[in-house]
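Next up, some structures in structure tokens.
Same chain, two partners: chain A is paired with chain B first, then with chain C.
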Partner chain A sequence: MAETTGNGKVVRIEVLRYRPEQDEEPFLQGYDVPFTDDMSVLQGLQYIKDWLDGTLSFRWSCRMAICGSCGMMIDGEPRLACKTFLRDFPAGTVRVEALAHFPIERDLVIRMDDFLAKLERIKPYIIPKEARTLAQGEYLQTPAELDVYEQFSSCINCLLCYAACPQYGLNPEFVGPGIMALLHRYNADSRDGAAAERMEIAGSEAGVFNCTAVGYCSEVCPKHVDPANAVNQNKTRAAGDYFLRFITPKGGAR
Partner chain B sequence: MDAWKADVAIVGAGGAGLRAAIAAAESDPSLKIALVSKVYPMRSHTVAAEGGSAGVVQAHDSLEHHFHDTVAGGDWLCEQDVVEDFVARCTEEMVQLEHWGCPWSRKEDGHINVRAFGGMKIERTWFAADKTGFHMLHTLFQTSIKYPSIRRFDEHFCLDLIVEDGRVQGVVVVDIASRRFTLIQANAVILATGGAGRVFRENTNGGIVTGDGMALAYRHGVPLRDMEFVQYHPTCMPGTGLLFTEACRGEGGFLLNRDGYRYLQDYGLGPAEPTPRNKAMELGPRDRLSQAFWYEQQKGRTIDGPHGPVVHLDLRHLGEAKLRERLPQIYELAEEFLGVDPAKTPIPVRPAVHYTMGGILVDGRCAAPLPGLYAAGECSSVGIHGANRLGSNSLAELCVFGKTAGAEAAAFAKSVAHGPADVLLKQAAASQQRALELVTNASGTERIATLRKEMAQSMEDGCGIYREARSMQATCDKLAELRERYRRVRVEDTSSVWNTDWLLAIELGYQLEVAQAMAWSALERRESRGAHQRLDGFGERDDANFLRHSLAYHAGADAPRIGYGDVKITGSPPGTRAYGAAGERAEQERAALPGRTGEANRG
Partner chain C sequence: MNTSDPRRPYVRPMAGWWRRNPFFVEYMVHEATALFVAAYALVLLVGLRRLAQGEAAWNGWLEALRSPVSLVFHGVLLAAFAYHCWTWFRIMPRTMPPLIFGGKRVAPGVITACGVAATTACSLVVLILAWGATR
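After this line comes the complex of A and B, so read on.
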């Protein structure tokens, strides 16, 4: 029957279940899973799905912390299931729930269309400062110029920072840390010339001033993107823009 | 059943699908483009590609070099006219990505940097640290948002192609969140669904890499070409199969056996030198390196680990600073998943299945023999990889042929009129019914995971790095048995919201048929070439009989019928495939041949 795994060690994985067609509200369901020290929480969930309960639903794909699919609350913290290891729960129990602050679609699957809609709004593409044909070759960009935005381009859209952000929890209109990092990624790119358009979003009611500088978003980021830093840089800039608009004819955005 | 009328429908939104969507949108902004993906586009497996993407840029490099590396690397089973077109267009596509914002790694002067890669004579691999696929995918996805004519169907699963009046006229998809079915009527359909590596046990692939598009085309009579050629990547994490990029070796990493010896020098790849030399030692092609591992294992010179024998990928001499700059993701994978600091300790690695060289038969314009059907990327066989793909050619392929597929499909879509919707809807309803039968079949007894596990083990046993008729036949028999048992597959989950149990069952159906195409194509190829190596008396390449593409045709519940097609040779007649010092000698001899062809038009 079930595949043999492990060396006699068993972890109890408690999963927050919710199937909208049959469950009034979410509830915890426990599964005993044999494991080895190199097994991730994701592999534990796969074991459940394969051998114990085929009705458990969760997103996953790459298994190596780059596709961003398997974000979930693990013992109350937003984490990627693929790079959280079962060996790190010495009490022998681990609780797994859908990411905080998002509607649950089913079990560990959350609705993420809010994030996509916000991503689409910030114009997440290069709007060139100067036109260049392909025949002219690449834009020149020094390693130092690359360094200014590279970390912000490393966002894998896993949404852990949204689950960590208390302000997003209170006000889902807030564009939130991940999108701010991506907005900053394009604004800080030496090839781009559309910072002014994007700063309208950054400085808007849904923008950076919602952030209360808790910094938990950067702590949970699995890719060291440091969205809090992006938010901060844009607070300074948005504040500058705000005051400049009174003294310059076209407003302060550059 | 909902209906949505598009001009072009694209299934799969990884690198190839996104590039195709953008090309179609740019070719005519009035066209309606449906972009279907069973995940959100940025989850597509392009995201996991690490090392880089090929494109000739250096003054001492040439398209002719890239052409020859690719054709010889493919053991001459490439469509050479298509390779010529490919190498000529790679660089422009890389520049295009640069203009779209891809954060390519740079030289001090601001120009893009390139690194060495296996089987490539000159450094021509563009890279974004060791997250090249991630950056390419996100760049393409975010850029695609610019185009209002691209309508995304995120987290929609493709169940069938609609073929009517001798041509493809759409696809049937289901919304994973709600189980609502939609007929997307389209005059051209592009399949860009990626490979099928998950049919093997130990592999580098994400869970979504289940050969969906291959199976869909195959079921509708389109042959799958060269499916026996499955690439084992030589440096993968034991147990999970996760990838440690070839760029580890491009940057100067060594492969060591249990004695700390750079064993590749014993397999025609030497001499061993302290710094990387292109097309030698650790920068040999993947098939040769994986085969060398197999021999080391036979000789008892590998190291025993908890997930089987391993060798060591030694990066220590590169130093922490360089590793953090050039290979940051590799550093973290080693630390977090293995508890190994690669600046201090060698990384245990072993080969795992990585890439499907074969795929849906298409011509150089990405057109399948079924009118209206196009394919690009790993799901397709456009003919550039032959019997063994060179690292960094596949990311370039996504762009070059994604663009071709998008433009060609758009042109075709404009040349025909939409067929009568009622006829297509009737077909779509039948597809929906067949898919739902899996859920309603309450008498099912066979567990999905059991069937999948037996399939994956059997593929590894029969179609691994070295093969012989007896074990391949056993795999063919096993797959027939599994297909029979699959008729009784049990889907536990009957709900309509996010029923992944049901989707896994459908994917397993795709996988079993694609696996059959692989195993039967392998059994019938009685020679050794590239990634297909036999131990049972067919150990040599046999150009007289097998310088031919295999073509697997679907035959209902039976095993596939295997046919063959010609290989297009333009500038490079089949020669000796050699690397290291022997390779350099062979190249000098080739250069000295009178009447050497294929130079002028690729200079």
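After this line comes the complex of A and C, so read on.
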């Protein structure tokens, strides 16, 4: 247990704190945390909360890199706190801040309203191409059809890619990498029939063309989703839709 | 900072964002190499203008290209072009739909390598043609 971590190793965890009811702006607060080699940064924060300072706020749930709650800036990089280990900071200090590019709600907790609103807008569920009755059985899919979207379905909404995207930081209207990965996940699914509708968002002013191919989003993604690929595949598609509407009677996406 | 919201969410400034992470610094450097591409386009444009102005002007331009300053400048341009090309093909696998070859996805490294190889081959062909034409 935390209080008996006894191999003598101590790490200094510097946390960017912000308590809206009393602080004008965030400030760094340091804590000395005894640790063992199997402890994650998240466990370090839990030690602080349990033993040193109960006022510290942060999000977590699964502590196994699947719920997507514990994203934060760790020494300046967007990472999952439960998937980053204290032993990997040999200098003996580690700085922890709320995810970049999002408003800070309190301490390490960010405000994700913007992301959730965007998520709702892209209709992140399958809208069947053809209605089938139960009697007609399931919608079948070949392994090749699955392969086209499978990686994008691994997204855990951790928002690390948003903290890695300067274009989102500069213009929060931009739908951003994670949402585009999910949009693509449904558009590329052979059972889905709502691609044209979702492409309205991808091709809009706030859409894919805000991306300048920095590519850091795909580097930091803990689930190898490659959101940059989703964004860029849809640049081609959105451009195609734009030109198609001049030559097809009903138009492409619009 | 949003003062109209009682929860007072704190919005951090973006000023100097590209200096915050080595990845962004490298991004700015490789984007900046595009300016070298533009600079060389200008050199060629000036050449075209000199050509239109007659033989003396054209020969003057050729002479200027042979000056030590110009040679060093071209060396710098070549290095910047090479780096620009490498970073362009490095990001390329992320920008395209999956490439299926023989039932399997082509690995990103292979796509980058093919791009760089094609550029090298084209550059060599142009070099050989230009060499032949100017002798």
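Heads up, the rule we're going with is that the second predicted complex is superposed on the first by the 249 of 254 C-alpha atoms of A that agree within 3 Å, B and C clash if a C-alpha of one lies under 4 Å from a C-alpha of the other, contacts with A are read in each partner's own complex, and residues count from 1 in each chain.
By definition in this document, contacts are C-beta pairs under 8 Å (C-beta built on N, C-alpha and C of every residue); 3 or more make two chains touch, one makes a residue touch a chain.
Model, not experiment: these values are computed from the prediction.
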Is A:229 in contact with chain B, with chain C, with both, or with neither (first, second, both, neither)?
second
A:134 in the overlay: touching chain B, chain C, both, or neither? Say first, second, both or neither.
first
State whether A:86 touches chain B only (first), chain C only (second), both chains, or neither.
neither
Look at A:55 in the shared chain and tell me whether it touches chain B only, chain C only, both, or neither; answer first, second, both or neither.
first
Check the residue A:202 against both partner chains and state whether it touches chain B (first), chain C (second), both, or neither.
neither
Which partner chains sit in contact with A:105 here, chain B, chain C, both or neither? Use first/second/both/neither.
both
Thinking of the overlay built on chain A, is A:20 touched by chain B (first), by chain C (second), by both, or by neither?
both
When the two structures are laid over each other on chain A, which of chain B and chain C touches more residues of chain A?
B
Touching A:215, do we find chain B (first), chain C (second), both, or neither?
second
Dual-contact residues of chain A, meaning touching chain B and chain C, are 20-21, 105, 111
Residues of chain B that touch chain A when the two form their complex
39-40, 42-45, 47-48, 92, 95-96, 98-101, 103-112, 131, 134-135, 138, 142-143, 145-146, 154, 177, 206-208, 239-240, 242-243, 306, 329, 332-333, 336-338, 447-449, 453, 491-493, 495-501
Which chain A residues qualify as touching chain B in the complex?
3, 19-22, 36, 38, 49-51, 53-55, 57-69, 83, 105-107, 109, 111-112, 116, 119-120, 123-126, 128, 132, 134, 137-143, 145-146, 149-150, 153-154, 156-157, 182, 186, 189, 191-192
Which of the residues in chain C end up touching chain A in this complex?
1-2, 7-12, 14, 17-18, 20-21, 23-24, 27, 31, 91, 94-98, 105
In the complex with chain C, residue positions of chain A that touch it
18, 20-21, 25-26, 76-77, 100-101, 103-105, 111, 147-148, 166, 169-170, 212-216, 218-219, 226, 228-229, 232-233, 235-236
